[in-house]
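The structures come next, written out as structure tokens.
Next come two complexes built around chain A: one with chain B, the other with chain C.
Showing the complex of A and B:
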């Protein structure tokens, strides 16, 4: 035994050894092992504080850890609750406080099931991916928290060459109060597969809880994988998300994050374009009103020559809303022929509202094209005047301009009814005043 | 309804410096007027003030349209009275779909607050065809990536959609090639079927050949210094603005 003094592990309030012991029961040994390793790693990472660069603008105190109890791992059942647009999808998954409901009759070549079911029935599909290389960064406290404590795990595998026309819808409906939901999503698109996933987060009004999500995506050669996240949690929810994707040769991953709900959100999206001709698009839309707080970070990692990535995040802040955007484009040594873009545009609609934008580049290669830019400001008075000269009153003109500002991102959403819902949500936020 | 525009002793400043120094102009329903004048004489200021641009301050004088005092009205209220400005430099508004925007404008202008969607689309297609515009423009962002000529056509398309009682065209012909000028003029002339008055601001004779104004005014240093009939254009083309100063002096002394 070494005699070095070990720093005692640090646990976030509510997620200590006792909580961990209570959560492991009857899972496949493969999953238990991963959970245990993750729990150790999680304890070794110091609890974040506002002195850490990553949390400088989002004090972890805002997460109000200690108020939430981890919900038990949810059981698989039949799909019960449906929404009006369910039939517009090939597969529908419903996640509530107690149940993971699945539509029956999955299309050929498509596996959608809980992570626990996947570990039992398809370990060969899961191994090598689960908690694998999609998340290259170490020391991420909330990622390890999810790795250890996840309670709503979903596995999606689309076989080689399979094309899903309508896509997969996952809706979350949380009603429990002061609960912690830790969704875990593992997505694997085999070669030449094509599909889209929509994750739709909703909760009953005024219910405070924590959602700490982690998602891993693997797009193999020539695959086209799209994920749209529509975060419309109730106004008291804390949302923490870690998304990591790996994109192989000729593949395309499209991650669109639409953040409208919740009280405090901290989201990290990282994408590694690993092989030549791999392509990633990161799209974001956020609208902070009332006292909402959105903090988001994107990473575009170019690990091979001739790889592409494009990132466009558009946000608005109103009332006392606050948004933070931080972005990094990183090209490793020798990554010639890299083409990477990063654009962050912000609308600041009120004096009390605030947006911080911190784009950045880390480059260790010579022959590459990288650009980044950020804009900040209120609506353009000339555009406003132009619309008004056409008879449109000021309130309506402002609405048209805000919707127009977001439209490029909205157009990335593959379903028209969801585009309409987004428009409605933006309009509602514009109409609300916090006086 | 008598939609007469009366501008009386209008003084306008921007950032404290006076631009218009006593403009008088009277446009009766059905009349076509042209306004010419050297660069910097205040032509665009006049068109901006007529539509209520917030950067301009009216320090003296009045503007009424159909008896209503325009200076008390917001731009949208002026538009609802039947006024329209075709901008010299129309702004681009990316992400705002042309067809949806035009529907919002048509709804706003309509006395019932809403136009029939089917009729609207039918009219829009017909107007676009009339202006020789590709139907695909209806689904693009407003003026997003449009050429100069396409933007000007889009202004006229809006004019045809909103059917104003009075339109002001601020150098709509600048930068247009001969074909585009013909199409734009054709579009404006279509409105002449109804009672419609027009103020054309221009530097060039050619658009006036299409639009045939009965009245021509010359603005210099913030005042209308000379008014007359279409024959003034020829004289102006031949003799330039120096001649106007002399002619204006003569006209004034004759009046005294």
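Showing the complex of A and C:
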């Protein structure tokens, strides 16, 4: 069909054939096969450039791929030390340069292990889901990069009807300079299961490295899955993420992305609500200060009638910060009864800061209601004035308003200590001025 | 090439689909420097104009066709188009070629001074040339220049040289470059300082000849404190081949001036299977150069097989205002990718975007709009509302806004909705004894009212009628 001429494969700097050959290390044969297929696909996709619409606002040159070297696939072991919030969760995982640490005594019906272990212990699940149907979009270079090169794979399976009260906490921490961490997460929630996963990205202050993560989520009928990503990388980190979720009948998936750290971030979150009464919520909070750059893309794909989705992304840009939001609600032919909403609100707090918003609707069905709203502006002077007349000083008044602005997203996070952390971070970012 | 059978259905659907048998003066098909020189010779143009065309053509050769729009159409063969076609003897005033006069009578356009509309001055462009402009004397008294572009090149070369390409440079985009190279006519309006134009200025575009393209260029300039309202209408015969229309419109307002630009675009849209129809690739842009100036675009897009059109405003002067009101209707296999750009440069600039898209049949209707706030645009304001209505299960409605803000004092709000025609509203009307078709038509008219009320009165009535006609058969 296609008349495209065969072109030589294109590799991102540091991720070529030699690097790929070096990462083969006695994995299960089907994992090797999928890595190889992914590597071929990855090579076939042209390297993204700032001429591509998706990268027009985030030049891939900013990632400076050549500076990073892939770390070897990390081995599984026990948790070495406790970190923040560990006691508030049922299961704790820590992923560092050297080790994938797991807490002992998993609750019944919950499987948490490395992808390589899962290939041995749950081959049927791995084969059915891993790099499976979750990705509705083709030609995604960084997703295929992760598919081929992932070096920290985690498998989470929650059995039918199992309810986890406190949830699963995953810590990420990188110490090696110029390393490339490629976390890979596969989450399967069986029917009627209920659980939440918190990913906590932290790194020491000055370490520059690359994190290119990919995650797949499957929520089966009636499952309720909540995933919160708290990105607090140090200021020299490049963060790329590709997340896709599939939501079945009556299931509900909550994907909340909290982006505060790093230097340059490019995140893509997509969900397919693929059976009637499936419901997805995408939440986002981002605060770009100093010279931070956040680019986030969402996709709400409605592939069946009577499906629902709601998206709320709230961001602030300060100093020379630059934030980009681009998102699409797509309803395929015949998806009647869809109800979908997108909201993107931006605060531009300083001269020199910039925010772009590109919400989009692609609708190929009737008898539905899809809408979006986007706003940009500074804090409302009337609200500021109101607070000032109550004797609250300017700095405090601004803080109250900014916290209030973000609160709707903060409230989606199910754990109080993390909400508090968010408040602290927002306050700290607001305070970081020379004024 | 076989013409479409003008059976009753087609006539009902597209009343302007007839052709005029008139003697044409056509140049050979194809596009090269000789053709451009030939066009220039035909129009007896000065050297600077010819140089401008050739410069644009050479630049066009280096460009590639834009592919980002949500449109799907076969490759256009730019060598298979005749770039100049004119009625051999258009005549003037009462000597107008009777065949031509009859054509415009059928279209309801007064070409003859005797039966002109009271408040409208009309310039008529037939294929590649302007065939008559009315109301010249009245306008001359006020110092207003309203003539064909070719005449302006001959009579007012200084003004043309000063303003042409100021808003849409020949390098701007693929179709603008093509237009700059081969444009054949269009309208030129100049409203001097302090003059409020007493009549509506109007241009009527008609593509008649087969295998031709229409490439017109319009330039409207309002000097300080001037005002004008400009109306544009377009039709073409129903043919089973596609024809290309690539126009450029430039508007310039100086301090406190205002231009109101209204369009009813009813080019032939092709038949139900999507055969034939006009490819409408248009670059329209206004420059609010002066402080407190205003440019307002109102468009009703009901025709064309393919529409690619983004009437825009560059708000350069402080306190300047841009407006965009649009109704875009697509049916059958039509595809429209249309919207606007509001570029805020000056302080306290404000813009409003109201867009209503209606898609029926198997059509694709996309809104694409940019709101850009530059760092210099302190206290800029924008409000955008884009609503899409779906009529039937097989059409698509898309919305692609782009909002970029680089100023912390600016306020931008955008909202968009997509839904099908409201069952509740239809039910309410049906329960009052209104037929389904009438009920649907009422709901659609209500949906578009915000835009229609911005059109000059006679035009607004026309637009409603046109939409009703287009809706027939697509509901129920």
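The rule is short, and it goes like this: the second predicted complex is superposed on the first by the 427 of 435 C-alpha atoms of A that agree within 3 Å, B and C clash if a C-alpha of one lies under 4 Å from a C-alpha of the other, contacts with A are read in each partner's own complex, and residues count from 1 in each chain.
Assume contacts are C-beta pairs under 8 Å (C-beta built on N, C-alpha and C of every residue); 3 or more make two chains touch, one makes a residue touch a chain.
If you're wondering where the values come from, they're calculated on a predicted model, not measured in any experiment.
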Combined model on chain A where chain B meets chain C, clash or fit: fit
Contacts of A:350 with chain B and chain C, given as first, second, both or neither: second
Partner chain(s) touched by A:336 [first = chain B, second = chain C, both, neither]: second
Which superposed partner A:51 touches (first chain B, second chain C, both, neither): neither
Which superposed partner A:370 touches (first chain B, second chain C, both, neither): second
Partner chain(s) touched by A:383 [first = chain B, second = chain C, both, neither]: first
Partner chain in contact with A:359 - chain B first, chain C second, else both or neither: second
Partner touching more residues of chain A, whether chain B or chain C: C
Touching partner for A:401 - first (chain B), second (chain C), both, neither: first
Superposition-derived minimum Cα distance between chain C and chain B (Å): 15
Common ground on chain A, meaning residues reached by chain C in one complex and by chain B in the other: none
Chain A - residues contacting chain C, complex: 53, 333-334, 336, 346, 348-378
In the complex with chain A, residue positions of chain C that touch it: 68, 373, 375, 388, 390-420, 423
Touching residues on chain A, where the partner in the complex is chain B: 380-383, 385-394, 396-397, 400-401, 403-408
Chain B residues touching chain A - in the complex, by the definition given at the top: 51-54, 74-76, 78-80, 84-85, 87, 90-91, 93-97, 101, 104-105, 108-109, 141-142, 158, 162
